[in-house]
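A quick write-up on the structure given underneath.
By letter and in written order, the chains are A, B, C and D; residue numbering begins at 1 in each of them.
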Amino acid sequence: MTPPLLSLKDLVVGFPTRGGHTNVIRGVNFDLAPGETLGMVGESGSGKTTIGRAILGLAPVRGGSISFRGRLISNISRAERRSLAGDIQAVFQDPYSSLNPAMTVESILVEPLAAAGVEEGTARVRELLDAVGLPSDAGSRYPREFSGGQRQRIAIARALALRPSVIVCDEPTSALDVSTQATVLKLFRDLQQATGVAYIFISHDLGVVSNISDRIAVLYQGEIMEIGEAAQVTAEPRHPYTKRLQLAAPLADPRKQRARRLQRQALAKAG
Amino acid sequence: MAAHSATVAPVAPIRRESTLLQLLRNRQGLIWLSYLVLLVAVALLAPTLALYDVNVTDLAATNAKPFTPGHPLGGDGAGYDIYSRLIWGSRQTLIAVLIVVSVSAAIGATSGLVAGFYRGIFETAASFVSDAIMSLPGVVLLIALYAVTGPNLPAAMGVFGVIVAPTYYRLVRSIVITVRKELYIDAARVSGLSDLRIVGRHVLWAVRAPIIIHSSFIMAAGIGIESGVSFIGLGNPAAASWGTTLQRSFNGIYNNPWGVVWPSLLISITILAFVLLGNVLSDVLQSSSRNKVLSARQRRSVIARSAAVIGEVATAEPSKDSILSIRGLRIGYLTPDGEVREVVHGVDFDLRRGEIHGLVGESGSGKSQIAFATLGILPREALVLDGSVFLNGEDLMADPRKMRAARGRRIAYIPQEPMSNLDPSFTVGAQLIYGLCAVRPMSRPEAREILLALLQRVGIKDPERVMKMYPHEISGGMAQRVLICGAVASEPDIIVADEPTTALDVTVQAEVLDLLRELSEERGLAMILVTHNLGVVADLCHTVTVMKDGRFVENAGVEQIFDSPSDPYTVELLRSSRSVELMEIAS
Amino acid sequence: MSSLIKSLLRSIGVVLVVTFATFALMYGNAPGIAQSVLGLSASPESIQQKIMQLGLDRPLLVQYWNWIAGVVTGDLGRSYYTSESVSKALSNRVPVTLTLVLMTLGLTAIFSVLLGVFAAVKGGWIDRVVQWLSVLGTAVPGYVIAIVLVFAFAVMWRLFPATGYVPPHRNLTQWFMSLVLPVSALLIGAVAGVATQIRSAMLDMLDRDFVRTLRARGIDERLVLFRHVLRNAAAPGLTALSLTMIALLGGAVFIELVFALPGMGQLANASAQISDVPMVMGTVLVTIVLVLATNLLADIGVALLNPKSRS
Amino acid sequence: MSIGTPQFISRLVTTAGVTAIMVAGSVGAVAGKELLTLGATLDMYGWNPGNQPGYQNWAAEAVWGNLVKCNSVGGLEADMAESWEVSNGNRTFTAKLRPDLKFSDGSPVALEDVKASFEFLTTSGRGADYEDIEFEMPDAQTISLSWPEPQPILNNKICSANILPMTVLAAGNWDVPIGSGPYVLDDGATTTGSEYVFKKNSDHWNASDYPYDNLVIKVITADGAAVSALTTGQIDATLVAAGSLETVKAAGMEVIQFLGQTPRLIISDRTGAKIPALGDVRVRQAMNMVFDKAAMAEHLYLGNAEPTAQVYRKGTAAHIVDLEDPYPFDVEKARELMAEAGFADGFELEFPTMTGQNFETLLPYVRQQLALINIRVTEVPLSGANAISDLLSGKFPVVLWQLGNDGNSAFQIYVESTVDGWWNLQHVGNEFIDGRWVKIATASAEESAALQQEINRYVVDEAWFAPFVYMGSTYAFNPEKVSIPTQSDAEALTPKLRDFQ
């Protein structure tokens, strides 16, 4: 077995509140292998986004550890964190607020390159635009000239710029229309095939997560209920919460959905 | 964004002009900018423009009336030429304004930037100082300062700059705090940018426009205070300024009443120029805060204009067996250029008693607009260009009184975002009881009884307690149940539900869908269900209409749509939707 | 409750910082002050004697401490020049300024709400008129408005007295008449500012989802407006009013000078010009306390209006 | 009290600087002799008896009595003393108090109170004038005050002392005035800073000379306001600005034109210590020749002024009736003089200014004219606590000021020209002046007048000043309400309270 790329041990994340701290992540453990996609699914308040932010160094780790290739990266200095930019990247939920509206696409893409002192610049920008399926003249335009799906492609291109080994994707498709969502998910898969990048893919939608993940972790109130192979978690959930989650997701087929609904109602009555 | 399709904002046309160009394109902007440029030119060219040197007096011109030869605006009590003194005075005015604006912006904006970006102890300290300065009686302080430094305009203006610096501090700090939460700042962090670069590239950009706008108002205030300070005698009597000119003329007002007119006008117009320029700037640089409501006359003329373009459309009769019929509905919005952008292009729609009708489409398809139009609650800037909404054969669109009578009584509404749809200032019980009494004549205790039962029915365990709670104290799922309760309490025939489960977690969504189905069956409620989620449609609806770009592309029974969609767009939607669906579950 | 105590402590901190800063600013110049007090013909010996008598020879901190100790026991000291007790002088002046400011504030509240609500709801030409009035009101300085008012109503048409102040206990009508023009001069700018804020708060609230839902529920438009929209716009309105109150305290200085009202602003100006430190400190103290009390009241008011801060 | 200009005092007391325009408060005055309502253009100075300017201070006249009062030309009139005598070569003043005088708190006036009142003044601004006095009280009604040296301005010193009970003086509480004047303050009806209300003291020895039962003093600082208040009957009399003369006359008011001031350059650096050029009399004379005094009187003072070549008021002992202006307006001549003296290139001067001193009218012209002989003037505004000490410090070689011309011209000589005078800014002694000053101290009236005129001629010849005009205040009153048959003010600024009939 290959050594894990990313390893979370007993992770605790908390935020200061009036008169103390509230821990929103309470002892989370998992490993991420190179080239793997780990889906993280949960409802609002489950802490899925916080885990992603903790990995990115944007949320305070109060206990446990996060290590990248064996190196401890929780609670490191800003300067050290900057050196990780080439390894760990992110795609955020809202493609409207994650791109600075005042910058051209090219300068958005060059920014991480410049910060890392990479020289290739414009050539790399064209390469990236090509990789995410945007026209090469997109570089001179502003984010507001693109649709939601196209913006998310720009955000993905930015994440790819430094050729990272992990990308934390925080609900990257939930702000998109269904048809766009499908194509963006396909892009994620294609890029993984091409570059071998690993994803931590965070979503509230079990369907979306199952579509892209190798493994899935189900979160509930800051703890992992269940973690396992995608097929197993979605098809044969072991934890009752996963089952509830799964049965609650409606199917785009009236007959099958009726069946699922009855199943769910039966489960609810039994529980 | 599918989740926020509720209001369709007109898409801003893509413009890449510089701010200056946009400013010049605006008539007001052009006028006031030219005025200020002129003013600067006057100050610079004072030696050429003034008729006399700054200290020249002419005893023969003491208290001269305006338009005296050689003294176009007259003379003051010492024989100064008022016109020349005002020209010379513009220099001091501009210098004063520059001092105020640079001191206050430098102190306020910098500290606001640091406080907002790093927060922590610096913010606490800076905010305390800012509050303290804001509590200072500014004018009194200037007066106290006068006692120490004497008439020293740069010092007074510098101190005034410090006094107004907190306005910059507050502005910049609050913007930076908001910007800091923007995802592009997180993205920049993740991209490995240093704080300095983040501030330089991202934060500064975000505060630039507000600072420029605010500076315009501060400059206006600066002129007011410079003249005011001179006017009450705290200025430098040795220098020519508008305020001292006003003071001199005012002292001699009985001898030459016209003397006060010129400095008063000049001061007022210049302040006006800065204020209006600030308004124009904020229109150009920020989304306008202008009231978008059209007057009845404007509305009529726009609709007439659009009707002329479309031509006469034959209005169909309402369908006989429908409880609700929509005919030829066209909805549009006025773009900033004064054009009408149509978002719903003449749709027909029928709803039978007890039917749950899904209205499906992606963002911007116009589905929510139809829902709002049915209830007559379109945003105030929306224009109903044409069409009818028939309730039992009566056209609600044609008669606002009938629409009001039907709304909330015959047709009820369930919104998308449960939390923002309850009035935060009233308890759940208060607004439910109040709302019910408003549409169904009954006493408050009666309404209370009905609502308690109904809350229980929609799945709220402890209705007595929930009634006493404020909206912010309950969860989203509970809030949606409260809203459903409010909608059905008036015993309507039709419910218009606009993405009622989109904001909810998937497990809550399932329960709410169950509730809606049960209520519809129990009460024979017809329902228009607006949604982007085909799974929700499959779960709840009897019939489905698919929308794209303001038009209906397909309309059929639910099984037909899912089994054999006829329109390629429907096919595409289904395919995308099913690609992310969970497979069958082995139980 | 604890937040109330916190803001009280904070306020006391502000009072100390500001009064000390003012005190330090005016400190020094002991011989100058003594000379000013005694007049042109003062001899060096009498100046020295005066310095000792006024305690001007003591270090800054000692003088400040004495002042603070006096304040705590309710003794604000006496004028260097007239030996008048500062509290007595203030008790004459403060009511004048407060009457002026509070009367303006009350009228501002009424007019701003009317204009702001009307402009936001009706739109069209009324909105434009209100906006133009606001711009003009903000642009034309109070003292210029005062001059215009005095000219038109006092000098030309002689409808109102242009100057002087009649205490209400002397003659109620004359008291009222003597305040008409000063209040008007202050009012125009204040209404201009607050009406705009109320207008935009109303517009903001009118765009809120819950307003649409209330309408959809069939509730009468007027009730939606007055019971819900106005109720929610009340908090920003209150904040705007409290800021206006502070601005009015400053603006009153100019207006008192133009209309020769024997208020606090005039006292502050006169005392500052001759470095009558106890008087200046008295006026500064009262002004800050008024400002802080306004802020505190506004905070409490906003908290009462906002159910979130109640729980 | 002193030779300073009234405005000078005013800016210490009121918010000077802004002159606003207003109409009156609307209390209707009752006709007849019930009520006298006077407008004051500045607030009074509080109730410290040692700190009372003479200018517009009817409040002080109302509440306090003096041993004797000074008249307009420095003579004495009876007050609390029914008779008096100056003896011992102007060293001793002996007064006989009226019987049965009472203070407003009911206590009888005793000689000890008089003594305490004079002793109290040693702590005041003029403390030096009252030091080393020996008091003698030969009987219960008689008190004599003796100075070790002859006192040339004895009258002024005696009549400046307000008489208060010694207990009040010892307590030092000035909240409510206690005195033996013709009126008593109605503290309850008074609003400090705005309106002072007095009731007649019917026990006053001279009650019949103060015909009004009530006296109200309204502080109306702005000229426009004062004018309107007068013309609309809110007040019976007030000072008005020269510019408002026609307005008040048109409204049927009568006007008394006081010429109590002589605006001038005070060229005090006559030894050339700071600016050598000023040590040359030709330069000082040249500075006298660049001003068109007639035009100044006509335009800057709107005709309410008379050109003059001397600083002493008409009718005073020092005034020379037939003095011809030795320095007529002649810029060419002035330039020649400057060139002769070797200062054709002129020099720099700093003029101290204060608000409320009418500099805004005077200075522009003065600066412009001095520039014609290359004397370049910069304005140095003074303010705050140090203003007066700066002004009097002697660091300004030339000062432009609107100085009063006292009815007691000896007093004016003392203040302006003797070595101790505070307007002799450099305090440089001069044999000619100081020698004559010693003689004046013990001289008879005629001898004194001759000596004073010699001094006058000397300072004109030596060009110690550059006087422009006689000017002063314009006092307007409503002839239907009051008459003002006499003028008692030594400073010639306003009528005194006893002048209102």
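Everything below uses one rule, namely that a residue touches a chain if its C-beta (ideal position, glycine included) is under 8 Å from a C-beta of that chain, and two chains touch if they have at least 3 such contacts.
As the structure is a computational prediction, the values presented were derived from the model and not from experiment.
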Legend entry - Most central chain, Cα average position: C
Legend entry - A-B or B-D - the one linked by more C-beta pairs in contact: A-B
Legend entry - Approximate Å spacing (C-alpha centroids) for the pair subunit A, subunit D: 89
Legend entry - Intercentroid distance (Cα basis), subunit D paired with subunit B, Å: 66
Legend entry - Intercentroid distance (Cα basis), subunit B paired with subunit A, Å: 33
Inset, instruction - Using mean C-alpha positions as chain centres, tell me how far subunit A is from subunit C in Å, no decimals. - result: 55
Legend entry - Of all residues in subunit C, the ones touching two or more other chains: 147, 257, 269, 273-275
Inset, instruction - Mark out which residues of subunit B touch at least two other chains, giving numbers and ranges. - result: 146-148, 231-232, 250
Legend entry - Touch list for subunit B against partner subunit A, complex: 1-3, 12, 14, 16, 182-184, 186-195, 197, 201-202, 205-206, 362-363, 476, 505-507, 509-510, 513-514, 532-539, 558-559, 562, 572-587
Inset, instruction - Please give the residue numbers of subunit C that touch subunit D in the complex, ascending. - result: 29, 31-33, 35-43, 45-46, 49-50, 53, 79, 81-85, 88-89, 92-93, 147, 150-151, 154-155, 158, 160-167, 170-171, 174, 177-178, 257-260, 262, 266-267, 269-270, 273-275
Legend entry - Residues of subunit D defined as touching subunit B within the complex: 15-21, 223-224, 227, 241, 243-244, 247, 292, 295-296, 298-300, 302, 353, 355-356, 359-365, 367-368, 378-379, 381-385
Legend entry - Residues of subunit A that touch subunit B when the two form their complex: 43-44, 53, 56-58, 78, 81-86, 88-90, 92-94, 96-100, 102-103, 111-112, 115-116, 142, 144-145, 148, 155, 158, 161-162, 174-179, 181-182, 185, 204-208, 210-211, 234-237, 244-257, 260-261, 263-265
Legend entry - Residues of subunit D touching subunit C in the complex: 1-2, 4, 8-9, 11-18, 20-27, 43, 45-48, 51, 53, 122-129, 172, 174-175, 189, 191-194, 218-222, 224-225, 228-229, 232, 234, 355, 383-390, 392, 415, 422-423
